[in-house]
Structures are given as structure tokens and as C-alpha cells.
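One structure, pasted below without further comment.
A, B, C and D label the chains in the order they appear, each numbered from 1.
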Amino acid sequence: MTIRVGVLGSRGRMGSEVCRVVGEADDLELVATVDEGDDIASLSDADAQVVVDFTHPSSVADNVRFLVEHGIHGVVGTSGMTTEVLDDLRTRLDGAAGLGVMVVPNFGIGAVLMMRFAAQAARFYDSVEIVELHHPNKADAPSGTATRTAQLIGEARSAAGLGPGPDATTHDPDHARGATVDGVHVHAVRMAGLVAHQEVLLGSAGETLTIRHDSFDRASFMPGVLLAVRSVVSRPGLTIGLESVLDLD
Amino acid sequence: MTIRVGVLGSRGRMGSEVCRVVGEADDLELVATVDEGDDIASLSDADAQVVVDFTHPSSVADNVRFLVEHGIHGVVGTSGMTTEVLDDLRTRLDGAAGLGVMVVPNFGIGAVLMMRFAAQAARFYDSVEIVELHHPNKADAPSGTATRTAQLIGEARSAAGLGPGPDATTHDPDHARGATVDGVHVHAVRMAGLVAHQEVLLGSAGETLTIRHDSFDRASFMPGVLLAVRSVVSRPGLTIGLESVLDLD
Amino acid sequence: MTIRVGVLGSRGRMGSEVCRVVGEADDLELVATVDEGDDIASLSDADAQVVVDFTHPSSVADNVRFLVEHGIHGVVGTSGMTTEVLDDLRTRLDGAAGLGVMVVPNFGIGAVLMMRFAAQAARFYDSVEIVELHHPNKADAPSGTATRTAQLIGEARSAAGLGPGPDATTHDPDHARGATVDGVHVHAVRMAGLVAHQEVLLGSAGETLTIRHDSFDRASFMPGVLLAVRSVVSRPGLTIGLESVLDLD
Amino acid sequence: MTIRVGVLGSRGRMGSEVCRVVGEADDLELVATVDEGDDIASLSDADAQVVVDFTHPSSVADNVRFLVEHGIHGVVGTSGMTTEVLDDLRTRLDGAAGLGVMVVPNFGIGAVLMMRFAAQAARFYDSVEIVELHHPNKADAPSGTATRTAQLIGEARSAAGLGPGPDATTHDPDHARGATVDGVHVHAVRMAGLVAHQEVLLGSAGETLTIRHDSFDRASFMPGVLLAVRSVVSRPGLTIGLESVLDLD
């Protein structure tokens, strides 16, 4: 039996890609697509079981409310779901037996795995550093993913009673050692030819462990979207992030 | 309170390194060292709580029996523990309340982590291949670790219903595609300047995840030995491998 | 003063990209584009000084003859220039004072640099191996670039009196050691998520040198095309390959 | 015919390693070794043709003077050869027909190749950055090799009329972008398990080129020492650095 899927924001860059891969999946059926100017009711008219939302921070809250009211599971990739919206959503889902919504900040399974593996490995190594590498049009350094990874590593090291790694640097006038986030050195490379890449380096006497993720285009988010679509039908209530459905333990 | 540690095979390459790191650890005390020609009774005379064995396949079974009889926990890095020896050991430990023995084929925490992460990530990717790189004096290709990693990946992919990765190769007269172990391509590099290295490459449309382990010398096994020593005192019975004490879930 | 450029095969994948980058370059002017059905005379009518040909093996010889007859420099990226065609072209250029044609099998400057650096470094290292990594739709293994690189390395090692690298492998039933091209081991990875990548690994006691090229799309060939266009106007006669204009010595 | 070699500083870490590899080379003969307390005249008494000096900044000038006076070629790995000493040496060599001295700041052939290749490739890429990785006991960041590499890259880019690479970073409060040396971003990683490593990353639209050098121990300097010993006998006068004898053009 296939899952009947609708897409909100179907003409956007992410939404159109979602339409494509849902259409190609044997166990999914694309039954409705909605974008600006279309009637959202076409989702319920088409009996969609799951709807993926890649719209806009200004409309996502209303969209999700519509889905819950009509007993449609939701997978939300749009940012802008505030704490208030999430709390309200949680309450609504309490009253909607069996209905589930997943809100996913990052659909990249590889990035989620990298962060998890790095955090798990961190307490076994004396040293951990992060090198993130991105295209030169990025305004912020370090990247959000690198910052989040450093925080997870920092937490894991603290929990294991580890302080900062060994570092005898006494002379670094130009900040070659990079940023320090929660005790973890983070280096940001900006280079033509790159898209989005990150390397976590862990070292102890006589060995190193390296976990690297390279992301080239938004196709890399589609497996995460499909996983969420397939998972949400059996996950009542609100789920944040992809990690809980990766079933890694 | 410190743990009183003895070392069997204390003058060997691994044993002497174990003596060194036990001596340096604040929570451990090196109380007895035994090698060929020495009296094994000095371990019990010194009230050792844990004994690490890096001796020889021909003597390890007797050594472990001695330890169990004297109520000393054991950490065994020597190979040659046959199924019969292990079964016998299990029975003896059943009758020795609270006593534990760990038999560890690979003390490299990094190698264990790499294998585990690779197996966990395998089902999320269309393609997985392994490149192992070693010094040129190695007789076998691929390495035991690469073969074991491929088996774990193969199991994970089978369990997830995945077949072999996509591969349109029709012309490969000289076997550039390497070996295939449980459906996973494995490539072996042999090169001066290298010691023991392995890279697991995972790929799906638009992204790759790489997990790499570099091991330069036997110092890299010592954290695993220390972890086993600290863990075995609270793990009654027989434990095989380091993974169960890494506490990764 | 700008160079007046025409493009043959202007609607093809490479040709259209060439039109784009010529149009964007300050020192070049796109004055004529010709594809199937168009009149090739528009190139001479527009007073093109250099014409780039990305057409078809069946038409490239005629195209180049037209260019030489009309005193237009040529940059040829189309394959299928046989030895006979090249010999004939050489003769024609002898009689056309100052006129130049460049025939370029690979416009990737990075690939050319990688091959050159690998060949230069090869004689200083005991061991050299190549790992090439490509998308899974490739039919041949190893890649043409890897084979060419291995040949150049093999030549350099022979010239330096070096034999094959050290290798104690006695047991490799499944060909994990890969292909051997001119004494150099070559490993081919085929993986979803990859495009075209190659790593040359060189090692001697205590050190390794790695040269890696990653190519993600045909944009990476455009700097090589522009370099050829700018170079050909001052290189009379026939030039094969990009290397001679990179001016590396 | 073998070259008769003497070693000054023969009991030091580098000197003893030099004695070992000279002893193993078929075309070299170790005829004299001198360290503190020994008589330097034993070098001339033994008819050494080439002497390698790994002593101390305070004695190297005297040692080299002795060699020139006795018509012995010199290979100097000791630091502390000031401009005055070098000028004096140059004058003395002018009067000693056929005699040569090589002063070599870095005997690592791999490091020299990396710097040269990076400088040659630099002008073909929009972006260049350096990541250097060292053991955590290093006091300075970035490393001298990284600084030197950045300078060579900066010169090559300036000569080619290139400015700094593209970089839209507007927000980098913690210096994640690292140091900037002659317009080139340099990142320094300090990690247990590492020795001395450097990666030069070059990128343009659609491609990257990476040149990486990994050095694990002083064995890696020996091929450079042997090359210098073999070269100096046919290089009259003063030669600075290994590059000129690598014969790369």
C-alpha cells in the first residue's frame, strides 16, 4: 500500500525536488501540489495522508494548523516555527489521536550522522577540532552546523570529565588557531569550487579518527525528506529533528 | 581508590607499553609484572585485582585459568583463545561470582568506532566502498579489519533490504574495482610511509560521508587497554570485544 | 584590445557554457555562434580571430580546415582528430604564417597539473598508487585520466631507474590490490554522490605526499578553454594539450 | 665508485640517523664520525669526500671552514648559518675550484615539492587556503612551513595579477577564518596523534586541487640528505636549499 503525499510550496526549489522524488518512489504517490495562489483544500480533497511543507516562515504555522484540523500528517522543512507555534502544535496533536508532525531543521542525513558520530567519539580522544569548508558566498563563520557540532562535542567531553585538548600554543598573533566554540577549535575555509563540507578530526597518541561530510546539492536532502514522510505516519505527536527516526541505537 | 594491576608478558612489545601506561595512570597501580621464567604466583602474591595478558597463544589458556582460580579479573589481548577455551572459561566464570574476563581481539578504540559508525550509516547510502592502506610488508589483502568492516556493512545493508550499490562498470580487465566482500568493494593500498589506515566512503546523490581511521603505532591501543582494565572489575562473566564497554547507545 | 571569439557547436553542453564565459570575460568578445543548420561562413563574416570547436568527430576536420583557410585561430575540444587529420593540419599551418591551432584532449587545468606534479614527484618516492573515484554510471575502470597518470608516473620511475614499489602481498585472492598500469597500482571507486575525482598517493619511509583533484561539473573546464583562447593567438602552428601553455617551468 | 662520507654530530638524533642510512647505501661509504670530544681531523685523515654537519649553531661555522680548508664538500643541516657566515663561505669557495657546500634549511623533499607545486598551481585558481596540522606541543601558529608556503603562493598570485580570493564573510567574531599571510588564509590544527602535516587547498568553479604532505618522523628527511650528499660533489660553490638539485624543470 502506498502513502498518499501532498506538497506545499511545490514550485519552490526544495518543493519541486520533493515532488520529483515522491513521484519516483514506489511506495509513495503524489496526490496534490499546492503553491501560492492555489487552494490548500486540494490537499484534503485529494485525501493526502502526509503533506510536506517547504513554504515560508510567514505561512507555515497556518499550513500546519490546517493539516492537523484535517487529520493529515505533516513534515515541515520550513524555518520559522517559533516556540509558541510549537507549543500550540503540541497541544493540538494531543487531541488528535495517532496524528504526527515532524519539524526538521536539517534533512541531511549525512550531517545528522556526522554530528552524532562526532559526539559519540569525542570522549575517547584527547583532541577534537572541526574544519568546515564552504563556498565563498557565505556570510557567517563558522557555519551553523559546525557550531552545533562543537556544542555537541563540548557537551560530550564535559559529561566525560574532559577539559580542553592539549595545546602548547603560546604565539599565534593572527589567530591561525581559529575560533573556539565550547572548548573546541573550529576552522572555516571559504573557497570557490566548494559547496558545504565539514571534517571532524579526533586524535590521541598514535591515532586519528576523521569524520567528513561533503554535500554538493539539495538532492542530498531528499532521502531525509522521504524518511520523514515514511516515518511520520507511525509517530503520533510532535517530533523535532531527523535523529529520532534514524533508529541508530 | 586505585585498581591494582598486574601484567603477564611484561617484557614484550605490547606488555611493556601496558606497564608504562598503567604506571602513569592516577587510578591504577602496577603491582606485579611477569614474563617467561618468572613465577606467575607473584600476581596473586601482590594482590593484583586485574591482570592484562599479552603472552602467547600457547600459554594464554593456562594463564587465564590461573587468574580465575585466584579471583583475579583478566583482560586478554593474546590471540589463540579457541571456542573450547572460551566455553570452558565461561563455565568457570559462572561459578566465580563477580569475576570478569574480557577477551579483546582489537584494542583500537578508533577502529571499533569506525566499524560501528560505518555499519550504522550503511543503510542510509546507495553506495559504500572501503579503501584500506597499510605498510608494504603486509602479506594479506584486504586487511582483517577491512574484511570485518565489509561484513558488518553487508549485514546492515541486507537487514535494510539493500542490494549492491549502483555500478555500470562493464569493462575492467585488470580488476581496478578491487575485491568484493559481502557485496562491498574493498581496495587495498600498500605503501612505504604508511602504517595502518582505513577509509569507509558512503555516497548518495549529492553527498558523501567519509569515516577514516589512521593508526601510527601501538600507543594507539593503550587507551583501549586502560578502558578494559577499568571496565572489567564491574563486568562479571565473559565479555568479548571492546564495543560493549564503549557504552555508545 | 579584446579578442574576437566564435563558437562552433554553440548550442551543445560544452559550447553553450563556452559562449557564456566568453561573454563574461572582459578581454574577449563573442562575435559569432554556429551550430547545426547555421552557416559556418558567419564566423569569417564576423571577423572572428579565434574559434572554439565543440562539435562532433564527424565534422571537426572540415571545421578546422575552414578556419585555417580563413586565417582564424582554432581551439579544438572535439575528439576524433586522427593522426592523419593532425598531420594534414600541421602541413596546412606550415603554410599559414602566424596561424595557430590548439587541440586539447582535456581542458581541466587541475587534471593537467595533477598529472604533471605526480610525474615530477614520482621519482622521489618508493611507492606510488592511484585511487580514482567516479559516479556509478561510468562503464570503464580505471578511468582514462588514471591510466594516463599511471603511464606518466611509470615513465618517470623508469627514467630514474626505479622498479615497482615494495609490496609483500602474497595472498590477495579477490584482487583487492586493484589494477596495475605500467607498474603502478590503480584503484577505481564507483559511488553515488561522486562526479570525477582522483588521488595520487606517494610514500617513502616516514612521509606521504598526496595530490588530489576533485571535479564537480563542466564549469571546471572553462578556465582551460579561456586560457587556450588567449594563448593560441601567439602560438603559431599546431599545439597539442594544455600543458605547454601553462608555462610551468 | 662510492662516495666517502663523514658525519659531524654523529651521535645526535639526526646525525645518528644519517650514519645509519649512509651505511646502508650501496654508493656511499661511512668513513668517519665525529661528535663532541672527538678530533675533527679524523674527517680529513679518513679522506672523507663529503661531510654532513648536524651539530650546533655555535660550531657549524668553524666546522664548515675546516671542511673548505681540507677540500671536503659539505652538506649542512645545522641552523645558525648567518648572512655573514654565508658571505664568507661564498668567498672561500670562490678560491676552492670544484668544491661545493650545500646549506639546507629543510631536507624534507615532500615539503619542498608541496611548496613548489602549490606556488605553481596558485595562479590558476580563484581561491587558495592552507591547513597545517601539528602535534600539540608546538608553540607557534602557523608553522614556518605554512608561512613560507603562503608567501610563495602570495608571490605567485601577485605576479599573475590576482588579488585575494572571493570571500563574503561579514560575521566572524571568533576568527574562525584563521590567519591571513600575504593574502592567503592559514589554519592551524593542534592535535594529539599528529606529527607534521600540511594541506594546500586550491579551488575554482566546479573543481578543487589538494596537495597534502604528511610527515611522521625524521626518517623522512634522510632521502633529502642522501640526495644532497650525492649532488654536492658535482655542484661547486654555495647552494642554498634542496630545490635546485631536485631538477624539476
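Quick note on the criterion: contacts are C-beta pairs under 8 Å (C-beta built on N, C-alpha and C of every residue); 3 or more make two chains touch, one makes a residue touch a chain.
Protein names from UniProt, one per chain: A, B, C, D = 4-hydroxy-tetrahydrodipicolinate reductase.
Treat the numbers as computed from the prediction; the structure is a model and nothing was measured.
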item	value
Most distant chain from subunit C by Cα centroid	B
Selected interface, A-D versus A-C, where C-beta contact pairs are more numerous	A-D
For subunit A paired with subunit C, centre-to-centre distance based on mean C-alpha positions, whole Å	40
Inter-chain centre distance, subunit A versus subunit D - centres from mean C-alpha coordinates, in Å	47
Multi-partner residues of subunit A (at least 2 other chains)	193, 204-208, 214, 216, 220
Residue ranges of subunit A touching subunit C (in the complex, touch as defined)	193, 195, 214, 216, 220
Sites on subunit C touched by subunit D in the complex	108-110, 113-114, 117, 120-121, 124, 202, 204-223, 246, 248-249
Interfacial residue positions of subunit B with respect to subunit C in the complex	125-127, 129, 131, 133, 136-142, 146, 165-172, 174-181, 185-194, 201, 203-208
